[in-house]
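One structure, as structure tokens, below. Some questions next.
Order of writing sets the labels: A, B, C and D. Residues in every chain begin at 1.
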Amino acid sequence: MAKEIQTIGVLTSGGDAPGMNAAIRAVVRQAISKGKKVKGIRRGYTGLLAEDIVDMEAKDVSDIIQRGGTILQTARCPEFRTEEGQKLGAEMCRKHGIEGIIVIGGDGSFRGAQKLAAQGINTIGIPGTIDLDISCTDYTIGFDTAVNTAMEAIDKIRDTASSHERCSIIEVMGRDAGYIALWCGLANGAEQVLIPEKYDFDEQKIVNNIIANRKRGKRHYIIINAEGIGHSTSLARRIEAATGMETRATILGHMQRGGSPTCKDRVYASTMGAYAVDLLCEGKSNRVVAYKDGKFTDFDVDEALAMEKQISDYQFNVGKNLSI
Amino acid sequence: MAKEIQTIGVLTSGGDAPGMNAAIRAVVRQAISKGKKVKGIRRGYTGLLAEDIVDMEAKDVSDIIQRGGTILQTARCPEFRTEEGQKLGAEMCRKHGIEGIIVIGGDGSFRGAQKLAAQGINTIGIPGTIDLDISCTDYTIGFDTAVNTAMEAIDKIRDTASSHERCSIIEVMGRDAGYIALWCGLANGAEQVLIPEKYDFDEQKIVNNIIANRKRGKRHYIIINAEGIGHSTSLARRIEAATGMETRATILGHMQRGGSPTCKDRVYASTMGAYAVDLLCEGKSNRVVAYKDGKFTDFDVDEALAMEKQISDYQFNVGKNLSI
Amino acid sequence: MAKEIQTIGVLTSGGDAPGMNAAIRAVVRQAISKGKKVKGIRRGYTGLLAEDIVDMEAKDVSDIIQRGGTILQTARCPEFRTEEGQKLGAEMCRKHGIEGIIVIGGDGSFRGAQKLAAQGINTIGIPGTIDLDISCTDYTIGFDTAVNTAMEAIDKIRDTASSHERCSIIEVMGRDAGYIALWCGLANGAEQVLIPEKYDFDEQKIVNNIIANRKRGKRHYIIINAEGIGHSTSLARRIEAATGMETRATILGHMQRGGSPTCKDRVYASTMGAYAVDLLCEGKSNRVVAYKDGKFTDFDVDEALAMEKQISDYQFNVGKNLSI
Amino acid sequence: MAKEIQTIGVLTSGGDAPGMNAAIRAVVRQAISKGKKVKGIRRGYTGLLAEDIVDMEAKDVSDIIQRGGTILQTARCPEFRTEEGQKLGAEMCRKHGIEGIIVIGGDGSFRGAQKLAAQGINTIGIPGTIDLDISCTDYTIGFDTAVNTAMEAIDKIRDTASSHERCSIIEVMGRDAGYIALWCGLANGAEQVLIPEKYDFDEQKIVNNIIANRKRGKRHYIIINAEGIGHSTSLARRIEAATGMETRATILGHMQRGGSPTCKDRVYASTMGAYAVDLLCEGKSNRVVAYKDGKFTDFDVDEALAMEKQISDYQFNVGKNLSI
């Protein structure tokens, strides 16, 4: 049997997400509680190549579980897409005694981890993205916080839309995925949700619907528009012209990436961080931690990246029924 | 095949929980979108017996999804535990044309629904309690909001505990269940969590641990105590006496039951409300809606009430490892 | 001595602001506690002309103090700028027995009140605007809530700006006034604040400053830009081009107008509402309620509209000193 | 003319309050921007005597403006009440080159500063307490945050009180002062406020009022009780017995001392911190910074401690009128 791992590296990569600090804290403390050493790699793969690597003790992650962002920072690293970059990365790990790395990020970050694993460094991925667009898992770090941030902002916009009898279009994040939009649609009682996965919307129908709603005495009309559809400002202009109802677009933007994580994000990110350390200690590599069918589990990275995910038709239709 | 149901009743029973309004709204609008009539029964079974019953239209549930509490109110009803009460309840349903009732509440409320079903009224239960103590489901309406409310309060207490180098004992709700305490323990990075399900705590060990932590320079010591254990104030006195560290107890109390529901509570409560209507429309009775193994599903009430539920050993131990 | 007023009207006009509901509630209940009748006029002067007028009892304002928006709604009314409109307004008041009107809004709304007063209807203005741009008063309803909403959003943006080492430009509301921007600049520890009142900014200096800060190891650069300056997106593009630092603009938009009011907004709006009723009961007209030099007081509208207000040089300079 | 001060000390003393970190940050950066050195004294006067003194640079106060508590911590120091302690304190200042000290705290802390001034060390006080019980100033650091924290908790309690038709007694902080209770009474629309400054309450009247309110259909009855009156639990028992209405007491406790400061607390605390540095640089001593009649100003400590403060009768009565 292989010698057990002694030193674990941890990095955050891709877009940051609330709860990443909880995961970092869990990695550090779970590892220390098992007698391991931990090295923090700053600014993702960029910092690995640049040897931006620091020792981490239990106290270095004190008082961070409640903070947004990532204390290890994050960055994009085009160089790491080349084989040369990947070899250098593995070399840096060996130079610093890092036998296994935990990578907190999205699909792109896991592809980087795959390459490192191919170079002989054990790697475990933890799904961290507000977009929820990782197929193997029902949970990704940051989604719960982001969707609450968006929802609270939309609650406020609804107050003023209602006072002024306005139509409001709110564009939420999610890249090519519509999860944040779908959840906000339900949670904010939106009249309309536009998401890339169900791109069947008919602008004339929306216009007719707005006019009909207004006649029935509804005081506002809320449209949640996913980032993957975009063009909220021009849509607002067209709707105002066609309906005569004052229409305003808000693009919520980067606030959705920050803020103190919710309880679920802290608890699940902590559990995933500990779970990833356990996997490395069992000698596992090239795997990604997941929460699937109500349980924390793990998948082979290749398998995970090949999975597909679908928006629930049931929830999408419930949203429609409830918006009457 | 039986004639399809035409009129649906809905009530909330037992302790209120944030998200109950989202479920009521979903019941009303899903039913209306399927061409049904809806009657709201106020103050739980008490209102049923007292004929406190109102017609509900789509607009009656406008602008409530974001509100805490329950617009239908709730109450305890000892009379409904008698067979006489149950017969009267069924009679009232028939008098008002209610063929099926959706009961939002906990185990006690489901037992009432069972009795109504035995009297010939179709019943569907929706799990609504902040305590998460319903065995057949991984989700109950209100838990997510309650645990975030508690966590945010504890974050604040930690600030001042840290400024003054105090020990703080915070008692959270949950009746006989320790879920809120367990989650807050992880989410707030508490040094110690006391829950009824793992009642192995040794006060002397805690005292020793506080003294050891203080020597290592930790600025505060947070103990989350579950309602099911209680006695926070006397525990605080004993710890202060034994450690010399200033110790304060806070009993968070009823604020944990209120507040605008989180996104998850709004989305899941809405989905469960719609799902319950669908079950009634399919002619089902004596069932409880659940979220289990990552899916919305339903169980026979008798079966559901006989299930058992356990705190995850893994998460409990992760909490211990991370509190170093 | 004139016969005492018996019936009081109340309306909200111009942009809505959190706390307006608290003021409406106070008007209604203070009036009722003094034995008066109250009529609510919906949608501002528009509703007055359209006779959209309802009787208001104490219970009609139950459970609204904590809500954003205005239950009376608001609208712009170009017709009321004509003498014809003003005469019709006064006529409507007389038709409905309204002897005095309380107008909650900004300078434009007070000008409307002036005209009504000239037509023989007693009028009292209450300053309601998130922009704080009413010269006679140090407090306007909604500013405190708006500035906290903006600050909390910027706190979140700062988290992610820090993780990614970005420059963030956040555009906050305020029309031609820079108060929200100035306060957020101080409260969020922004590196730069751009406000119309101190329009001395030199883009090259900002660029140099960003480059210098980066060299000194600062992880982010936050610029708060007032609505009155605008053009945040193009500014972001120019800064990114000149500094090489990734730069993103967020326009916070309408969320700043909504949300549950802060304690100060509830307390001050309530006090002003009661105070306005007292003025009407004393036979006063053509006055505006104010909070000035630490006291609730009132001014003649003509006098109030002629006053000028200045951004504090001291606070502006403190902001600069603290951003090092 | 005296030589200008070169080195400034800063400490926080007494109970902590949200916004103290903003004041510390402002002291450090305003001083540095004027070319001064700053020394942070940890744990109040206790740390001064124990030489727990650290150099502070601009970056040491980065990223703290948004945090509750005080990074310098605080403690009580009985030793500093003796002349011996005061002489030792002055000696420590001289040993560390501290020519002037800024003391952030309440009246007790200012008395300490007075003594230090008598020993030849220049001192400036900044009012920091959530209780607002400092007579010379209309603003104290932390009150605005505390009152919002309490209000938000009470909003939540109101939700559940309304669902269950309960009477709720909420005890808020404030020591012998009723400001937090008075503000929450108005902001939460409480039916009754009990404060030490207006201790005229008649329990039988409250009981009668509850019974009358219930008959009129009010769904809940909220009593805000000030810490200075206390005994909330026994009051709840007596009210329940006398009215038959289920009655629950909540003692909000230490959460009111923590949490991220509001915008006002950050802005005013920052301004006061800068202002205190300016005073020391002008050679002033034995003064306390204040916000009075709408302006930042300063008073002689002896004069400030002799002032008296009164609860506004007008606001107290408005609260009564609006609770109908």
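Here are a few things to note about the model shown:
Note that a contact is a pair of C-beta atoms (placed from the backbone, for glycine too) under 8 Å apart; a residue touches a chain by one contact, two chains touch by 3 or more.
Everything numeric in this text was worked out from a predicted model, so none of it was measured.
Farthest chain from subunit B (centres taken as the mean of C-alpha atoms): C. At the interface between subunit C and subunit D, over half of the residue numbers appear on both sides, which makes the contact a same-residue one.
Each chain gets a centre from the mean of its Cα atoms; for subunit A and subunit C, those two points are 36 Å apart.
Between subunit A and subunit B the centroid-to-centroid distance comes to 28 Å (mean Cα coordinates, whole Å).
Annotation: 39 Å between the Cα-based centres of subunit A and subunit D. The set of subunit A residues that touch two or more partner chains comprises 155, 162. Taken as a graph of touching chains, this assembly forms a single closed ring in which every chain touches exactly two others.
Contact annotation for chain pairs lists A-B, A-C, B-D, C-D, with touch applied as defined. On the side of subunit D, the complex with subunit C involves touching residues 25-26, 29-30, 32-33, 58-59, 63, 65-66, 138, 144, 147-148, 151, 155, 162, 183-184, 186-189, 217, 260, 262-264, 266-267, 270-271, 274, 292-296, 314-315, 318, 321-322, 324. Interface residues of subunit C facing subunit A in the complex, by the touch rule stated above, are 12, 16, 18, 67-70, 73-75, 149, 153-165, 168, 219, 248, 250-251, 253-259.
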